[in-house]
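So, here come the structures, one by one.
Two complexes, one shared chain (subunit A), two partners (subunit B, subunit C).
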Partner chain A sequence: MLLLQLLINGIQVGALYALIAVGFSLIFGSTRVFHFAHGATFTIAAYVFYYVYSVAHLHWLLAVLGAALAAVVFGVLLDRFVYAPIQRHEGSFFTVFVASLGIGIIVQNLIGMIFGRGFVSVSTPLSRSAELIPGLYVSPLSGIAIVCAIVFFGALQLFLMRTHIGMGMRALSENPELIRVYGLSPRRLSTIVFALGSLLAVPAAILSAASSGLNPAVTHHVMLISLAATIVGGVGSLRGAACAGLLLGLSENLALLYLEPQWSEAVTFIVLFLFILFRPSGFFGRAITS
Partner chain B sequence: MEKMLAYILNLATLMCINAVLAITLNFIMGYAGIFSIAHAIFFGVGAYTAAYFALHASASLFLAIPVSMVAAGLLSLILALPALRVRGEYFVAASLGLQVLGVTIFSEWKSFTGGLGGVIGIPPADLFGHAITDPVQFLLLAAGCLVLVILVTNTLLRSSFGRNLKAIRDSESAAHAFGKNVAVIKTLSVMISSALAAIAGALYAFYLGFINVESFTLDTSVLLMAMVIIGGTGTLLGPIVGTVLLMLLPSLFSYMWFLPQTEIGAIQQIAYGAAMVLLMIFRPGGLVSARKNQGEP
Partner chain C sequence: MIFAKKTLSISLLAFAAWGACAQAADLKIGALFPMSGPNATYGDIFGTGANLAAEHINADKILKEKLTIQYEDSQALPQQGVIGMNKLVNVTKVPYVLSAFTGVSKAISTTAARTKTVAINGGGVGPDLADLGPYFWNIIPLANFEVKAIIPYLIKERKLKRFVLVYVDDPLGASIRKEMTDTLPKAGGELVEALSVPASSQQFSGIAARVRAAKPDAIYIASYGSQEAQIVKQFRDNGLKQQLVSYSAFSIPEINKLPEAAGALYTTQNVDWNSTDPVTKRFVDDYKKKYNKMPTAYVANYYNAVRLFGLLAQQLEKQGKPVTGENLLAQRIETKTFDLVGGKATFASNGTVISAMQVNEVDGKGGKVVSVVSQ
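This part shows the complex of A and B:
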């Protein structure tokens, strides 16, 4: 029974990780920006949802819209005012990474100052778990998480495959010059990529706020997961990132069969380490070795 | 007045210890292009090993420091492994993994690290049978170690080993083509950097007489990285300037009476986060290298 319970928890967490990782992977894959602050986007969305829903007591739909808006605006502004100026004069990965890391630190601490560093929980009518069969507790949120992951991922795939902008986004990583030749602006495409990528973190942020609560330190955790999933899945492969997110969520939860909960983050990284050592190109990705 | 002196001595000692860490991190980051965010782990390994050794064997500096250096150097092979496989952004993830793993081990391996409670009652450092308890003497010891580490890293960087390192940073494939053994050079540089960082760890353990996992978390690694970056990567002076600046920051903020005292820590973090962002936009080489590196790509 414990196994089944952990399996269900693992799939729920994995679905959320998959969404986060796909957003990160989309941004990294098409703009080459190592967007470490993706964790900050997640935290901002989660706290906006918490504030509008639990503190201001407004309708949940408003809270969802607020969270989505905040995430998109944050992502787009970062791209415009931090990443774009850096890339204009220096494209090195490291410079962008450091700036992104700095942004993550700023956001995490600002949120800590505004909302406190402790745990806050968002309780919704859907948060309560029901005992399906004796010893097995499942909340409606598990189902919603899985449906969300499938819907968002499916919509993203359709967008990338069927629309002009989507195809432009896929081409952006390959050859920015070609984009210009076809009359598309790489800058505008990059804005769209950031908006979409940030948007993908929103359902995960809201659902984890409603299921497990949050604190500002979640920024780090999300950043670690996005990174690990992107590499395990294979850089540049959205399908890989989604599968890797699921794998990480599952292994984190199944590890609880043998290990104490405090090892769960370590388990994520043992998976990552094994992949880097034995299969550095990830599930489906391109080779990343030198 | 006495309080002021004690405060300055304490700050100066911690500056020396952190400068050792920043210099050793710069050694791999600025010269070999290995961007590790796991440096605090080797600092920790040095500190715990020295503490354990001092408690169970001897507090002699000439024994405790080498032992902790060997421990950190050997463990750093775990970091060298991914460093050889992948580079750049992927290595950042691998070192981040090591950092997270290390913190979990530090807080769970209770018989060695004392768990969350840490190790208490570490005896004072022993130098030629003389226990160093006086803060002035300890500052001299820390400054001495700092000078030693600067000399060692500088000598290494000026040698053919240093030229090989820079060659790898600038173009790994070219270095390879010239018949350089990239794997050995990278592994050695990681080992040297970690072993030297362990010196800072040992000093820290002896200085405080108490250590716990709080000092070796991701925040420390990021702070060290900030010191190197803000000062200027790949320069001799950069890490020291960065260390001094970032360590003066807390005392600077404590003079600003209008800031809420409980938020000082967060405000500091925001300040160095903002410094990292602004520098990357306007002066990506860091404060020190801004003039020197202008001609380079």
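This part shows the complex of A and C:
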């Protein structure tokens, strides 16, 4: 029963990780911006949802819309007013990375100043587990997390495969000049990429606020997961990032069968290390050196 | 031109002298609190107590100089704590530092001993904090007192025998594990599982499954800050209905207002907030006036830590002795008993305060006392 319980927990956590990782991987894969502030996007969305729903006591739908709007606006503004100017003047990958890291830290501190640096959570009956069969507890949020991951990932795939903009986004990282030839604007595409990538963090942020609660330091954890999942999944591969997120969630939880909980986070890095060693291109990705 | 130069030089000298006087007019102590990171909430709480004591000391003109506190951010991490301690000791040259968290306190204790600077802890409860040398004082009863106070109560009064311990993987967690391992069998209980979690961990649904599999009567949580609140929420959400138990780290607003924590039991040192003792009454009245809520044991501890400095420094000043760590230590040993919040406090020879303990229940209103245990 413990195995089954940990398997279900792992899938739920993995679904959330997958959503976070896909957003990060979409941005990195398309724009080559190492968007370390993706964790900050997650935290902003989560805290806006918490504020609108739990503090202002407005309808949950408004809270979801508020969280989505905040995440998208943050991502787009960051692209327009931080990353784009750096890329225009210098274009150094490292400078963009440092800027992103700095923004993440600033946002974390600002959130701490505005909402307090302690723990907050969104109280909802959906996070309460029910005993399905003796010894097996599952909360409605587990199901919602899994459905969200499938729906969002499916919709993203359709968008990328079936629309001109989606195809343009896929081509963005390869050859921006060619995109111009086809009459598309790389800058506009980059904005759309950031909007979509940021949007993908929203369901995970909301579900995390309700299931595990929040503090401003959650930013770091989100970033570590995004980074690990992107490498394990293969840089630029969205399918890979989704599978890697799921794998990391499952590994963290299934490790509890045999290991002390203190090793659960280390398992993430063991998986990462093994992939770097034996399959550096990740699940379905291109070689890291490419 | 010469006159102008002279005037300028005299002005500069006067300004420098005034600056030196202004500097000398302040008596500074240091504080190493987490001001950022997941445990920053404790820094906020500790600071309210320390600041209120400084305000009272300055208002009463207990010292010849104005007392100020220089805060450094430890982030509750030993490495950051050492950086802050070095700054306080070597740059600001304070004689007295407020410390918090077991890991940080242990890390800075060698600097305190080497530089003969008093470090006083009002938040960390690792029992080995009692053995950090004469310059490390504890104005909070340590975890061994907390565990020893609550275990007999749980076993005899609540009839709980099987315990699972979920503890943070740091010196505090390790020391509570040791205490539980020693204390439980003697009291007639059993530690059926002890699960350690990394300090940065935020997901506990899997650990809840392990806890459930151990079939305990009670779950003792030995972590702190946001992590404790996350453990409580996720354990309850994952169907664990057993009695939750913890130590003084539970006396924070996040736990108090968390619906899932209602009914959880935790220990703190015994303080009668309704006492008519003038020190306690003034502290409680002014705190309530300033923050519109009741103080907690942590607030009282750091109030006491600063008040203790005021009392010791006052005695040194009366004797014409400089306020140094060495003199503060000698004066503490000489005075022995102090009028602090909660009544008269006496230090044991190892520099740790001895106090009665109380078992509290989380009730959403700041905690209600369910039992008082003398040590």
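Structural remarks
Going forward, the second predicted complex is superposed on the first by the 288 of 290 C-alpha atoms of A that agree within 3 Å, B and C clash if a C-alpha of one lies under 4 Å from a C-alpha of the other, contacts with A are read in each partner's own complex, and residues count from 1 in each chain.
Assume contacts are C-beta pairs under 8 Å (C-beta built on N, C-alpha and C of every residue); 3 or more make two chains touch, one makes a residue touch a chain.
Note that the structure is a prediction, hence the values are computed from the model and not measured.
Because the two structures share subunit A, they can be overlaid on it, and in that overlay subunit B clashes with subunit C. Shared-chain residue A:H220: touches subunit B and subunit C both. Once the two complexes are overlaid on the shared chain, A:E265 sits against subunit B and subunit C alike. Within the superposed three-chain model, A:W60 lies out of touch with both subunit B and subunit C [touch as defined at top].
Of the two partner chains, subunit C is the only one that A:L256 touches; subunit B does not reach it.
By the touch criterion defined above, A:G112 reaches both subunit B and subunit C. Of the two partner chains, neither subunit B nor subunit C is touched by A:F284.
By the touch criterion defined above, A:S127 lies against subunit C but remains apart from subunit B after alignment on the C-alpha atoms of chain A.
In the three-chain model built by superposing on chain A, subunit C overlaps with subunit B at stretch 207-215, while the rest of 63-71, 153-161, 189-197 or 207-215 show no clash. Put simply, subunit A uses residues 109, 112, 220, 260, 262, 265 to touch subunit B in one complex and subunit C in the other.
Of all the residues in subunit A, the ones that touch subunit C in their complex are 1-2, 5-6, 9-10, 12-13, 109, 112, 116-121, 123, 127-131, 135, 137, 139, 211-213, 215-218, 220-221, 252-253, 256, 260-262, 264-265.
Residue ranges on subunit A touching subunit B, taken from their complex, read 34, 82, 85-86, 89-90, 92-99, 101-106, 108-110, 112-113, 220, 224, 227-228, 230-231, 235, 260, 262-263, 265-266, 268-270, 272-273, 276-277, 280, 288-290. The residues of subunit C lying in touch with subunit A in their complex are 36-38, 40-41, 44, 166, 169, 195-198, 200-207, 209-210, 212-213, 225-226, 229-230, 233-234, 236-239, 252-254, 258-259. By the touch criterion stated above, subunit B contacts subunit A in their complex at residues 35, 81-82, 85-90, 92-94, 96-98, 100-101, 104-105, 107-108, 172-173, 218, 222, 225-226, 229, 263, 266-267, 269-270, 272-277, 280-281, 284.
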